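The structure is given below, and queries will be raised subsequently.
Naming follows writing order (A, B, C, D and E), and every chain is counted from residue 1.
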Amino acid sequence: MTNVLLYAVHLFLFPGLLFIVVMGLLLAGIDRKLVARMQNRVGASILQPWYDFLKCCGKETIIPRHARKGLFLGAPVACFVILISAALFIPVFGGLSMSFEGDVVVILYLLTAAGVAIIVGSAASGSPFAGVGLSREMVAMISYELPFVLVLLAVGALCGQDSAYGVTFSMDEIVRWQTENGSSLLHPAMIPAAIAMLFVIPCEIGMHPFDIAEAETEISEGTLTEYSGAPLGVFKLCHCVKMYVMTALFCALFLGGLSTGILLVDALLEVVFCIIVTFLCMTVPHAICARFKVEQVFKFYWTFVSALALISLLLVWIMR
Amino acid sequence: MILPYLGQSFKNLFSKPVTEAFPAGDPPKAAEGYRGRLHYDPELCINCGMCMRVCAPQAITREIVPLENGDQQITFTYDMTSCTFCRMCSDFCTKKAITLTDDYMIVGSAHEDFLVSGTFIKAAPPKPKFTPEQLEAMKKAAAAKKAAAAAAADGEKKPEEKAEAKGEE
Amino acid sequence: MSEFISNFPILAIMSLFLGAFITSLLGRKNAVVRNVIVFISMALALIMMLALIKPVFIEGKVIGYWLGNWAPVADWAIGIGLEVDALSLFFGLIITVAVFVSGTYSFTYMSHDDSLVNYYTLFLMLSGSVLGLVLSGDLFNMFVMIEIMTFTAVALTAFRNTYEGALEGALKYLVVGALGSSSVLIGTALIYSQLHTLNLAQITALLTNDQNIVTGIAFAFLFIGFGTKAFLFPFHPLAADAHAVAPASISLMISGVLTKCGVYGIIRLVYCLYQNIDRPFVQYLVTAFGAVSMFICVTMAFNQHNFKRLLAFHSISQVGYVITAVGLGTSLGLASGLYHAMNHTIFKGLLFLTAGAVQHMTGSLDLDELGGLSKKMPRTCILFLIGAASISGLPPFNGFGSKWMIYQAAFEKSSQTGNVFFLVVCVTALITSVLTLASFVKVAQSVFFGQLNPKFENTKEVPLAMRIPMWILAILCIVTGIFPGSVANKLLMPAVNAATNTRAYVSAMMGEAYAAAHQVVHAGAADVQLIGVYSPMSWMLLLLSITSAVCLVAVLGSPEKKKLEPVVGANVPNGPMTPGSIPVTSQSREADERELITDDLDPKYESFFSGEHAEYSQVGGSDLFWGFKKNWRHYFSFMHEWHSGILNDYALYGACSLALTLLLCVLFL
Amino acid sequence: MLQNMIDSSMKKSPWIFHINAGSCNGCDIELVSVLTPRYDAERYGFKLCGSPRQADIVVVSGPVTMQSRERLRRTLAQVPEPFCVVSLGSCPRSGNVFKGSYAIDGPLEKYVHVDVSVAGCTPKPEAIIAGLAQAAQLLEEKRKEARK
Amino acid sequence: MIIMNYIASFILVGLGIFCIATKRNLLKICIGSGLIDYGCNLLIVSVGFHDGGTAPIFAIRELTRASFFVDPVPQALTLTSIVIGACSTAMTLSLIIMIKKQYGTLKADKIRRLKG
């Protein structure tokens, strides 16, 4: 009975649904505030994403004629569910997670599935803007998938050195290895991988410099053109939750070793590190450079960022 | 690869944002000489109509109500929503009745709060001293007097002509 | 009953061939008799294969059957033998299921065509020969079955000869296919010249010790021969041409079944006959062929305009996955390869049947022309989504389990042996899976979603008779996806054990003493510790609980979505903008009449066109993925010329690859 | 309780959608300048969004010309309830200097009830912010009234 | 002596492949594929050869130790292979006839509608 309760708490409270949603909205609010401050203006309040979500829920939902009702309304919920289940596999510092052998690949594919949910949603809306939006979203997915995979392989290779198979695909194993011999960011071989991961995060989430899929100025909200009301609110919530998922993944992969015993301290530590990572990889590029063109995003990720990830993979290979 | 605005944005991060706290305080004063909401002073106006003629968007309408003692009650209404704030009217107004203030906060939903209007009573012109019949009579008398004077002048001119004629013969 | 079981293999093959014979005899008169005969023969073959599961998979027996009871004389195999061990039964099961589904599908799909008797005769001969190849224990018998398979497949590809390009595709397939099967023949001849036997078991026994230069050359010929049948790297344009023009049920057979025979041939060749998979050269050769065909076919598939041609290229890239996994040599590699082969037949079959359904209903397969069919054919759209999700490896479906095992096997191999080649292969595999996902997103958007082309206004849903086979495959997709663990233990492990330890294989045919005499290796049960066979049950439970939480939020959050009736008062005087209510004022000029609002539909539910009248504009087909294509334009233009479509070029590529393999085998084997 | 929170959130994050019904772009530049650091409308949650489906406040600038009439009408129809309409500058409400020309088709009032007008031939950004804030207040009342 | 057969068969196969790869006319390609088949048949027959052996016919005389046969199995294989070669040539020709009717030409580089 107790572990069912613990399971429920784990599922719905601490590293579960509530914590993820609150953290996501908090990170989005802080990110918008910091970008505003970097542009020398006051900027919206921290709770602005929460107000946006509530306001969207309050609006009327219009289902266009060409849209396919079932998929159109189902896609946002599916995307949200997939993201939450991906977030549950990431071990928070307290090490309390449902991870099992080989769940790094499951997380990778769940994030791809979340992208596919957005794509199916915009395809079901039937608008030509959404058509262009989804093709750009797919190009973004192709471009960040290569470096993302290389980084995961590098971390797997590093943390799996002494395991029987020479590689590990389990988050628990990664966190345990890091607690023993220092978080992987300290290893010199992993610095390029960390930088590559920092570059991958904004494109995965669709933050400003790489948000070719929802480019308001060019293709009027791209994938979300036909969405209004509650589905739009859920999609915006997914956007925020993805911020938390990616930053928590970064913390788990590269700062795994810093977990103290107490649960509360770990939670605070996680929040602080997520904010720092958000600032580094999302706020700074957002404030500095303008939106990339579609093929620039692809060329940037497949040449520069993949090279970084490859360097670290080979370094780990040699250092073994 | 130089990051263009990295230094500047970090400086901004820690400096005070430049945004005005407008809706908190009162609206900042507009620049000097700003052409804002129109102000119309009915007393100075002489209803010459120059402003109406010169206003491009015809934002000015006049309404004349004749009163019983011949006076006219004239109301000028300036429609701020169709005014382009070019200040032509105040330049051409000989009596300087129209001035453009620097109040730029022209925001409202009903149509009334965009209209600036002023009414004044234009006194009727003084009554003429003589009635038209008297004018007729005075005119006839003047004409008769002139005819008599002319006849007298003919009498003394004849003897001169006679002398000229003799001289020539 | 137990000794009768050993007759089942030949009975299964006979039921198909006899079915073909009887159909061409009796089937001429009316369709029902013909369909019944075809159905019976397919069902018989399927039942026999299922009956064989218990002895072969569970009890691990290897069933040997000598045709004409020509038992081996003095340790020398004379007659033709059929041998069914776990590996061949694994492929036999895939084949009979695919045949059964394709047959029931073609009852309605081919109803528009004429001379259906020929179709079904060829169809049953094709399935009979394919089953024969998989179950046969004799090398020359395999060659004969390959020839029958090639001829019937060519004839069926050109079945709709008025279809544009059908004859051309068939001719190319025949000529280069004949080249491939001739190389198999040469290989068989060379082996016979060295070992003077044709029985696979005896060859295995004899080859364990004396492998000289000639058997090396025979290996090269056999490898290229089976490679042609599996449409590996230099032969993949054949598959694209053949599938694009063949009827859908036949392209299911070609991509789902014929390629598996090529794969079976290569596995048998490398794991059982020569047992040289542990030599690094052979691993590099097989994995290189697999990886190159995997990558090139997916990039070629990326900007195709024809739906079936795109699917054809994808089926070759998935076969490339299987061959890469097989070439790794580890038992996990072979297990993931077999698992992916099974999954590939299932989801590729489903995708081809949906393509057939679209073609059956709309008559066109051009991606730039189709669009918005999900409104008219909703169930086919759902089926397509299941197939597309499982081919691109999304978690709950079967593609995910097998692809992920392949990455794990590849990466494990690279980290254990320490050479970077397998790391590159693993990364290529991951990139290919993303590109597969991208091209299926493209197909989904340009065929099913987006706006409906006015030309296909009156398309209706596919008749139920066609949808049943599709649903069978879809359910198989989901079932094998949700229980990868149990599939792995029950189906894959026996097959892997059968492939790796050949002692049982030889002793079944030639007797125990013979096998012992030739020290046939006995590798013992494969110790595959499937690290990471995730138990999706706990994961599905998690998904359900979160969905319930989210629905609660969604319902709570927007109750007024239902209550908010169109607010009339808000926007006086126009109300909810119905067109009639626009008060056209009196002084509107005659220009107004020209632009009178003729729009009868309520614009509120039109899709947003930045104000324009939302006429038909479908974003699909070739104008997707602009960014990606621009960066790869040099690669694509080169590839476009390379696939020139000329018969001679394809033959030349085949010959060059044959020459290259020969050279490598002579040098390194 | 949640409904009140949603009502209050309507005024806290109004998203703007800009329709240019043939304006001379003076007002458009002013509207965008509202989002710059100096005037920063984002303090109150204003955000320029790209599609009418996500709009709360529709800002219309320019006298409704014949060309843009049809497009204006159709885009306004595609905005989900409850939304406000703000007319920017003097053109939408009266047609400014173009009044009476053959090319424009009457004030904006003909097409939709204008909630707030910001007069001024290019009104100052502070005026626009005041107008938008007023419109945001209206949003809350509209939703309350719609819910009753 | 038997080596001549092997060389001949490989020359035949080489010629066939060369002919398929370079000749543009479809009929020549068909001849080329025929050549390959004949090359293979020659190879199979010559594989079972023992010098001094007689034809493997169990005729009037019963078997004696001395009657030394040539290996009968390849000859059986060759029979099947000849039949298959004939069948493949027949099918190729029938396809070529229909292509001539549909495309109007026999030039291989004109028949390339399926490409890219």
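Here, contacts are C-beta pairs under 8 Å (C-beta built on N, C-alpha and C of every residue); 3 or more make two chains touch, one makes a residue touch a chain.
Bear in mind the structure is a predicted one, so any value in this text is a computation, not a measurement.
Novice: Which chains lie in contact with each of subunit C and subunit E?
Specialist: In this structure, no chain contacts subunit E and also subunit C.
Novice: By label order, what chains touch subunit A and subunit E together?
Specialist: C
Novice: What is the chain whose Cα centroid lies farthest from the Cα centroid of subunit C?
Specialist: Most remote chain from subunit C, centroid-wise, comes out as B.
Novice: Using C-alpha centroids, which chain lies at the maximum separation from subunit E?
Specialist: B
Novice: If you tally contacting C-beta pairs, which pair wins, A-B or A-D?
Specialist: A-D
Novice: Measuring centre to centre with CA averages, how many angstrom lie between subunit B and subunit C?
Specialist: The separation of the two C-alpha centroids amounts to 89 Å.
Novice: Using mean CA coordinates as chain centres, what's the gap between subunit B and subunit D in Å?
Specialist: The mean C-alpha positions of subunit B and subunit D differ by 36 Å.
Novice: Between subunit C and subunit D, what's the gap in Å when you average each chain's C-alpha atoms?
Specialist: Spacing between the chain centres: roughly 56 Å.
Novice: Would you give the residues of subunit C that are in contact with at least 2 other chains, written as numbers and ranges?
Specialist: 557, 560, 564, 604, 606, 608, 610 - these are the residues of subunit C that touch more than one other chain.
Novice: Going through subunit B residue by residue, note those that touch at least 2 other chains and give them in order.
Specialist: 17-19, in rising order.
Novice: Show the residues in subunit A shared as contacts by 2 or more other chains, in ascending order.
Specialist: 36, 39-43, 54, 57-58, 60-62, 129, 220, 225-226, 229
Novice: Can you name every pair of chains that touch?
Specialist: Those chain pairs which touch are A-B, A-C, A-D, B-D, C-D, C-E.
Novice: Which subunit D residues qualify as touching subunit C in the complex?
Specialist: For this pair, the touching residues of subunit D are 2-3, 6, 51-53, 66, 68-78, 81-82, 85, 102, 105-106, 110-113, 142, 145-147.
Novice: Please give the residue numbers of subunit E that touch subunit C in the complex, ascending.
Specialist: Touch list, subunit E to subunit C: 13, 17, 20-24, 26, 29-30, 33, 36-37, 40, 43-44, 47-48, 71, 73-74, 77, 80-81, 84, 87-88, 91-92, 95-96, 98-99, 102-103, 108-109, 111-116.
Novice: Applying the document's contact rule, which stretches of subunit A touch subunit B when the two form their complex?
Specialist: That would be residues 34, 36-43, 284, 287-289 of subunit A.
Novice: Using the touch definition from the top, list the residues of subunit C that touch subunit E in their complex.
Specialist: Result: residues 140, 144, 147, 151, 154-155, 158, 161, 164-165, 167-172, 174-175, 178-179, 182, 185-186, 188-189, 192-193, 196, 198, 240-241, 244-245, 309, 640, 643-648, 651-652, 655 of subunit C touch subunit E.
Novice: Tell me, which parts of subunit D touch subunit B in their complex?
Specialist: The touching residues are 37-40, 43-44, 90, 93-97, 99, 114-121, 123-124, 126-127, 129-131, 133-134.
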